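Chains here go by letter, A, B, C and D, matching the order in which they are written, and residues are numbered from 1 within each.
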Amino acid sequence: MLEKLKQEVYEANMQLPKLKLVTFTWGNVSGIDREKGLFVIKPSGVDYDKLKPSDMVVVDLDGKIVEGELNPSSDTPTHAILYRQFPEIGGIVHTHSPWAVSFAQAGMAIPACGTTHADTFYGPVPVTPQLSKEQIADDYEGNTGRVIVDTFKKHELDTDAVPGVLVQDHGPFTWGATPDKAVYNAKVLEVVAEMAYHTMQLSGHLSPSVPQYLLDKHYYRKHGNNAYYGQSNPKSMTHEHVL
Amino acid sequence: MLEKLKQEVYEANMQLPKLKLVTFTWGNVSGIDREKGLFVIKPSGVDYDKLKPSDMVVVDLDGKIVEGELNPSSDTPTHAILYRQFPEIGGIVHTHSPWAVSFAQAGMAIPACGTTHADTFYGPVPVTPQLSKEQIADDYEGNTGRVIVDTFKKHELDTDAVPGVLVQDHGPFTWGATPDKAVYNAKVLEVVAEMAYHTMQLSGHLSPSVPQYLLDKHYYRKHGNNAYYGQSNPKSMTHEHVL
Amino acid sequence: MLEKLKQEVYEANMQLPKLKLVTFTWGNVSGIDREKGLFVIKPSGVDYDKLKPSDMVVVDLDGKIVEGELNPSSDTPTHAILYRQFPEIGGIVHTHSPWAVSFAQAGMAIPACGTTHADTFYGPVPVTPQLSKEQIADDYEGNTGRVIVDTFKKHELDTDAVPGVLVQDHGPFTWGATPDKAVYNAKVLEVVAEMAYHTMQLSGHLSPSVPQYLLDKHYYRKHGNNAYYGQSNPKSMTHEHVL
Amino acid sequence: MLEKLKQEVYEANMQLPKLKLVTFTWGNVSGIDREKGLFVIKPSGVDYDKLKPSDMVVVDLDGKIVEGELNPSSDTPTHAILYRQFPEIGGIVHTHSPWAVSFAQAGMAIPACGTTHADTFYGPVPVTPQLSKEQIADDYEGNTGRVIVDTFKKHELDTDAVPGVLVQDHGPFTWGATPDKAVYNAKVLEVVAEMAYHTMQLSGHLSPSVPQYLLDKHYYRKHGNNAYYGQSNPKSMTHEHVL
């Protein structure tokens, strides 16, 4: 079942080592079929070079296995919560990519320091509060999802405009309309974390951030009805903006 | 039309991932035919591993498409302004290479800390002022080019001696006599940014810079009538400078 | 003799350059046959691309050569002491991986900054005291092993829960149930050292560490009777933790 | 002439990009035939992937071309001075490797922070004073060699025990008994510079250094009559140092 989605999720998982986002097996990608209410996720602890599309595990939105002979990723309950609470997302990625983890461990959001950030994230990438002793003791992975959802609610963030988060002391989760786009966002998050780190060191440990109007410009240059980056937008800005 | 230039621009674009200067599609190279007043540029948002020489877009100096089925790079108006205002340049490169972006985001010029820098850049690589809200709202990419030109005018910089700039909050643009040389300068700028960052950290956040006479020596060892580096200069210094 | 173990130790050694843990020949892996009281170790100073399984040297627990035509690693006495004093370990790795060495040279333990660390190391990776002049002058490599053992005794550390150490001014040693697991731990140690460094810089040179209950959760998620990460544990947590 | 030495120097040059010590053409290796009083050096500004053994240039100890159709490296006069003043060396390497250059640009010696350093460099890697305006104006490359020689004389350094130096504002030169060993030392210098940088940042910008007796132990473990590292020393320490 869901053979096409399994292939898609498999290929998205295989992008993680190519993009240097994972060490060993420390990452997972999932993708959802919203009509069926099922999602497909990488099995737990399987080496990337042994992974096959048929290893992908199908689970329902309670995180229970529907099809597959392997245990799904131990982070499956986090994915399940996110799919339930963020109805517009189609794919989720979790990694331990080192620059993003460094910010998560420091308990710091990644500031929007420039246009590379603004092209993908409309504002800082938030960091969740630490999970409490109780949240960790019982249903830890589910509570990891809940603390992400709470962070987005509290700060009134749009999951489309800010397609990622840092779980404090842990690491990044990103998402997107498809598993492939979630992987793209995972890479962008790692790259902007690296750039932000060096920007902050150059600036004497401050967190410089771009003006709001530059954030607007770059984000909407690539997203929404007036986007003009890439090939999918019929209006090239070079036709509009005569010099 | 311009088949030779398209091939040259295509090959220069393909150097960017090889030199580790781009993530995904975040970079573009163009090259100009000064006689025809037309330039050739990478299409917007196309993966490097799918790029073909025939995908290159031909545009005029107003940034309008003359030939090509794909949208040109969204940075095309910036390239157009630079070609119009800097008549001696033959190729332009824009990337989001991480060390150069870190300085751009910090709003800091790259100081000339040593001979590696002086071999290519005769003085610091300048950073532009931030664009104003108005400059961003209307013809953003054109104004990106204008703020570069204004920076060079204000500081009375020679585009030949300083073949690159950082656009504040954004990233580097470099240029050269050919697209290939512009790519070379893009790589040098990234390397000297990395070295300058670590030099500054070692020096306690100061910006050490080389003495003027060492800057002169290294720059003119490789450039101008008395250059003696490489194979194109008939006089080897080993014949002149008997020990 | 010990052909299977030689092959295993050979393959574990060959992982070191693949995992970017060694420069030149600066690393070695050994593995022990506890029943025979013999261990197998890489020969000293042999290039990885010339290494063969039959080059592996068999030594006894006094560090004396039992079989093999090449000199064993100069660190052999350190391995011998560790095998004698830590009866539960089956493989040992020594490298000069750069992030771990940086902490060793600074004389600093690697703090447990997050879950990536907690998944493998149940607490900080300790650093030994400096060896004294006398410890260096006579039986230096043996004393390197003894200072490791003393550090674990003094801090009452469990070698299973903390499978590695930094020898001050020198570098990391890791171990595990098998040579392969010791190599895994060597890579994790390097990755968490890199992340801890950047976390500490972001946090203003402090050493942030995870709460004890998060350390517990992540360590025991992967280790012991209640582990549920990976495929070898019959109970998938997704069956237990209904959301 | 000198076909064997040309091949050796060619292969040593080709190691530089493999060891990630050069960008573009920014590095050169030479090797000397002491009996003939001639040395062989890389031509100036030739790409590594186009380099052939027959491109190597033969020059005398005044730096004059004896054989070869290409211009020799522009740093040839520096090599010539070093061969004349350091009679025990057989090969020289110059690179712009980024960590070593960062220390050179900061005008700081690389402190001996640990055993990785001590295994190859018996003490800090010194940095020369800046060249004066006069030293740069006339015979710059020759004076680069002279300032290295003066630095070694002033600090009474042994070129065998400290096989490298940083030229201030410029970068590293290393040497060795053969071109191949000089390349080895160039890589070690880069690796220990990287480790020293991070050690210093962890230690609050101090320059920690190993105790003298540890420096002695590690240096003489690999060098001189009592060395016992590797395969070329008949006495394995595992036979001597019974635990």
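In the analysis below, a residue touches a chain if its C-beta (ideal position, glycine included) is under 8 Å from a C-beta of that chain, and two chains touch if they have at least 3 such contacts.
In this text, all values refer to a predicted model and were calculated from it rather than measured experimentally.
Across the assembly, the mean Cα position most removed from that of chain B is the one of C. Taking shared numbers over all numbers used, the chain B to chain D interface scores under half, which places it in the different class.
Distance from the chain A centre to the chain B centre is 32 Å, each centre being the mean of its Cα atoms. Distance between chain centres (mean CA atoms), chain A to chain D: 46 Å. For chain B, residues touching at least two other chains, in rising order: 201.
If touching chains are joined by edges, the resulting network of the protein chains shown is one closed cycle, each chain touching exactly two neighbours.
Interface note: chains touch in the pairs A-B, A-C, B-D, C-D.
Note for the complex: chain C touches chain A at residues 113-116, 184, 187-188, 191, 194-196, 198-199, 201-204, 208, 210-211, 213-214, 217, 221, 228-231, 233, 236-239, 241-243. Residue ranges on chain B touching chain A, taken from their complex, read 23-24, 26, 43-46, 59, 62-65, 70-72, 74, 76-77, 80-81, 84, 96, 98-99, 101-108, 130-131, 133, 136-137, 139-142, 169-171, 197, 200-201, 205.
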